[in-house]
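Down below are the structures I want you to see.
Two complexes are shown next, each including chain A; its partner changes from chain B in the first to chain C in the second.
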Partner chain A sequence: MASTSNEAPAVPPSLSLPPSQFARLQPHAYLLAHLSPPAATNQPSIRANGREPLQFRTTSANCGSLTHTNGSAVVRIGDTAAVCGVRAELLHTDDIASWSVARTSSASTNKRQRLAELGEDVTEEDNEDEDDQDRAHIEDLSLLVPNLSLSTGCAPGYLPGAPPSTTAQSISHEILSLLHSSRLVKADDLRIWYQPPNLGPEDEQMDVDEGAGKKAETEEQKPREIKAYWVLYIDIMIISLAGNPFDAAWASVVAALRDTKLPNAWWDVDNETVLCSDDVSEAHKLTLRGLPVASSFCVFEADAAAGWRAKPIPNAQQQKKDGKGRWILADPDGYEDNLAHERVSIVVDKEKNGKTVILKMEKVGGWTIDTEDLRRLVDVSSKRWDEMKQIFDQC
Partner chain B sequence: MVGPTASLSNLHRADGSASYKCPVTGYDVLGAVNAPIELPARKDALKPEDATIEVFVKPGKATAGVGERYVERILRTMLEKVILGREKGLPRRGVVITLAAVGGEAAERGDSYITIIPALLHASLLALISAAVPLSMTFTTTLLGVTRSGQIIRDPSPAAAKAVASLHVLSFSSKGHLLLSESQGRFDFETWELVRQQAASICRAVATTGSDGDTDMGEGADGAHVDAFVRETVEDSLHRDYTWKLESA
Partner chain C sequence: MLELPTIQDTMNDRRRINGPAEGTRPPVYASHLKSGGATDRAQRQREPTDLRKIFLKTGLIPSASGSSYLEFAPSSSLANARSNPKSLIPPSSALKLSCTVHGPKPLPRSAAFSPNLVLTTHVKYAPFAARKRKGHIRDASERDLGVHLETALRGAIIAERWPKSGIDLTITILEAEDDRWWADAPDLHDASWGMMNVLAGCITAASAAIADAHIDCLDLVSGGVAALVSDDSTEDSAAAPRLMLDADPAEHRSIMAACVVAYMPARDEITELWLKGESSKIALEKGDQRSAHEALIDGAVDAARGAHSVLSEAVRETMLRAVTPL
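Here is the complex of A and B:
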């Protein structure tokens, strides 16, 4: 036709696209081409963002960035940035409806019963028991309240100002349940005790009958009471999201809790209220149990359609043999996050003797990862722990 | 040990439904599946060649909260791989799975929701089968707890689950793949391997190789493989559905 021949440019258009356009049009093929370069070129298998498959992005952390909070931190993992602020508020035990009931039924006996049911040795109880009581207190009274917000305009998919998306809610729950199961915060740090003074005359009146016991009684201290608790509101804002929000959010929570200082508080009998000192030197830091570090991985499959064909779902044994055609990518960025379906998330901590303890392990969304891969990923995560410890120690 | 009970197609207006009850943990889940249905709005725009899978979990006593969102996400990401969303008639349509916890203890705020995952997964699998949604494989799930002394207990009750050192939910496909592994608490990798071995022997009728021979034998004697249980339930329901045909033949 005449019109087309008129518009045809003198130079024939080149059929190649710039890489950025190719990445948008064919994201799967683009990443695959990076990960499996032709054998002839002798190039290493590398991700589209230039990282090795099991390499994490550069991470930085900064503590105490927000002045109006009790503790805060900004953690940046590549282009994902999370801000976390911890605010402490008082919860008077008078305001807890079930307080007097909860106090009389001691948690330890319940636990003893439970252990007995499980046929365990009840006698071997050390500080684990105390840990459990801690956990029960923190859980029952909801002393930790984390909330994650993604509606900050962090990524195009999340509208600013919109109600919390399902992802945000799900991560909030994960953080809370990890705070509980890792027992990171000690309940004792959150308690505000009151030592009732010995009021001599009253005591004497009470044990008039016991002449012998009187002296011993007056010397003995009255039992301490818990008058209030600190409730920690942990708010996390993801201000920029480029994949892997959980790792960044969790790192910011840990960094902020390490930074948290609670003011010295005491029960004032005359005012019948809790008073706090505004002297920074009297404030105390939280003593945390361990330093859990989260690392996430995703699996990129060469054949994206393998999951739906009628026949070629491989048997588990067969599949172990080849194992090609899929790559485990550490710390996926936003681009890789959209292309991968199977995910692994591991939270590890190291004990003083250097032994790695897993606090949480999640694998969902596929069938290519099994024992051997998970073992490798746990090793990678424990190496990541060393890196993150350095970063936390510096901030 | 009392085995679980299940029945298919109990609801008449849903495309498929199933109820699953586990007497040991006390969970009783009623599941309904509607598929394929037209989706409102443009939810199909993201992946036009695939079906959109939605999972809703309703707790027994309260409104759904953040914990349910978390469970829904796990179920959705797992089922997206199992449901053949590209079969004829499914792309750009929705598969909606609604699960209601009818009985059992409701998890409290910040509790681990992983104790209820096996019941939810079994109910959704049976409901999907009842709705005749094409699946690439079936799967079975089990909950294991590891006590402080390193003893592995099967299906701990919600109260017992609070006392264990770590909790594990593992799901295996009918072909032996590890589909889901959720673990919580303090444990090391060797413990997890033992748990995986035992879970595999509970879920699947195939004998496991390894040092764990005695537990395998015990489970075999019980005949309590979850795999066989799912199979029998579906067989029974099919048998009932086709009674007319069998009798006329």
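Here is the complex of A and C:
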């Protein structure tokens, strides 16, 4: 910005500022100038951070570096870094007050009710049915406990030692509801079964003669029962915050769950408790349903108030139609996050045949994005899914 | 002999997701119940005067005015377990923490006038940092660490250059140190030894972050730990305890006393000294005229000097980065 020619000192010093200061004083104008360069200069429209409008920041992931976790991951998206650790603890069914009631009533009748609601489609696939039950179990017993912490000194706005901020609370809940709705974790992985041995009441005074006769009875086994559940405490620490915490947090949760290993556990009758084996070869990994990837976007408007004016400024309406007055920016950083009001968050997954499935779509804060745009953003998100898949597979 | 873990108190915290109301129990491993020691105890492979390698990097968090990340290299037992996993129970752990400095910034309007820089320190363990799950709210040991850290740093910062302003220093511990080997029952000499290693790491990392934030200091403060340990399997009182620098509590049978210092080499000054254990009753080896606590302090200062070399290298890198922009 500073003048370079030799005659410069003769001219009274102009009011020019270095770019970094201008960016702080006039953030909106600064970003706008980058996105809509004067036509004469022939420069491409580019963001202040040098990215294309729909370009994501470089992402890296690293798994399993924390010692005291069952699974852990660090995900860095640009300058936003999230550390996620999964800790598994046991929930004994004996401790659940409503367990015996819930098991007999809800498991059977509830399911039947639900099927009835769906119409006479009782001959549905078992798979679907199981999914439904999975979700109910995980949700009712709250077996997944995600918590996000922003009070790690990650940004100046969040006080350490204070209760979780509104942002932290809302992201925690978003992650929880997404874990439930995407049914990422299978309830079957979390169950600890017990097969009671068949010890008849008269076993002790059993005669040798009777032995043959009783054999037939011992064939029929007692039903298996669930003795305990694994509860996964999913704690996410945002170590560094530079915009878009949700994508980073969610990516770290998925990566950590992929890394999670649960020890082999069984009900020990003598001790009346659940024991685990510390043998790595006996431990099992979680089998996740799919690989949901979140991508967030924000909308930057040249003139945010345009829509609210009683008398539209000439050309403003026209501009809007051309889509010139606004830009959709993928993966906003901290600077852009503060300038945008409208946000879109899309979570997609891809099936084996390459079909994109939308798991969540959220749009808040404005009215400029229409269905056409959303369709385009879903395409962008599914491209992002491919990128993230590669990153996850490497870690 | 069977000791069941107690059900953790479920906090009635409406701002967080709390999990099952019935409470959960940490897993109990069968091998742990059968015999006292299922696997071999972690053994110290380093010389008594060798420190663990320290990884220290500054400026990783751009939104903070100063930041650093510190990591201890895993001890040999942990490194073995990582490369060749057999058991799900880690033999020991290695400190990992991140530190940020925000400020100097004006004090809030409500605060009283202060002619000096006001330093606020927060130390918080991540819930998954230790063998036992930590709560979300700071407990007494975390507050204790915060206070120790504050005294260690306050002596080094030239506070009168920033009247009416304050800095917030926050440390998040991602992985803490063990207090003893996991299979050992707490015994007579048991105390939270791991905390001392954590504090030493906090001091070194905080010093790097403060330098990264360009806050004037008298010198770089570094932390060091030394411990008097008796590793004899038989409780033979004749053998004198040995002095170990940077002792990993998981690698020793019994730690008699330990000491952590915050030390400024340029002025040969100690800003913080924390001694734990009954050092007055311990007799050192024959020929060593020092008292036990003198030996401990000397050892801790030596360890701090070692950490200082890493610290000054990290700060030098920071400065080079500032001078030569990307």
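Methods note: the second predicted complex is superposed on the first by the 340 of 395 C-alpha atoms of A that agree within 3 Å, B and C clash if a C-alpha of one lies under 4 Å from a C-alpha of the other, contacts with A are read in each partner's own complex, and residues count from 1 in each chain.
The rule is short, and it goes like this: a contact is a pair of C-beta atoms (placed from the backbone, for glycine too) under 8 Å apart; a residue touches a chain by one contact, two chains touch by 3 or more.
Being a predicted model, the structure only gives us computed values, none of them experimental.
Q: Between chain B and chain C, whom does A:Glu362 touch in the aligned arrangement: first, second, both, or neither?
A: first
Q: Classify the contacts of A:Ile46 with the two partner chains as first (chain B alone), second (chain C alone), both, or neither.
A: Touch status of A:Ile46: no partner.
Q: Which of the two partners, first being chain B and second being chain C, lies in contact with A:Val280: first, second, both, or neither?
A: A:Val280 sits against chain C, while chain B stays out of touch.
Q: Just to be sure I read the superposition right, which of the two partners does A:Asp370 touch: chain B = first, chain C = second, or both, or neither?
A: It touches chain B, and chain C stays clear.
Q: Which partner chains sit in contact with A:Ser142 here, chain B, chain C, both or neither? Use first/second/both/neither.
A: A:Ser142 contacts both chain B and chain C.
Q: Using the superposition on chain A described above, determine whether A:Leu176 touches chain B (first), chain C (second), both, or neither.
A: In the superposition, A:Leu176 touches chain B and chain C alike.
Q: Once the two structures are superposed, pull the chain A residues common to the chain B and chain C interfaces.
A: Chain A residues touching both partners: 142, 169, 172-173, 176.
Q: Per the contact definition, I'd like the list of chain C residues that touch chain A in the complex.
A: Within the complex, chain C contacts chain A at residues 2, 4, 7-8, 15-20, 22-33, 38, 60-64, 67, 74, 78, 85-90, 93-94, 96, 98-100, 102, 105, 122, 124, 126-131, 133, 136, 138, 168-172, 174-175.
Q: If we count contacts the way the header does, which residues on chain A are in touch with chain B in the complex?
A: So the residues of chain A in touch with chain B come to 111, 114-115, 117-121, 128, 132, 139, 142, 144, 166-167, 169-170, 172-174, 176-177, 179-182, 305, 307-308, 310, 313, 315-317, 319, 341-343, 355-367, 369-371, 374-375, 378.
Q: Spell out the part of chain A that touches chain C in their complex, as residue ranges.
A: Going through chain A, the ones touching chain C are 66-69, 72, 79, 81, 83, 85-92, 95-97, 141-143, 145-147, 149, 151-156, 159-161, 163-164, 169, 172-173, 176, 231, 233, 235, 237, 239-242, 261, 263, 265, 268, 271, 273-280, 283, 334.
Q: Where on chain B does chain A make contact in their complex?
A: Interface residues on the chain B side: 50, 66-67, 69-70, 72-74, 77-78, 80-81, 84-87, 108-113, 136-137, 147-149, 151, 153, 159-160, 162-164, 173, 175-189, 192-193, 196.
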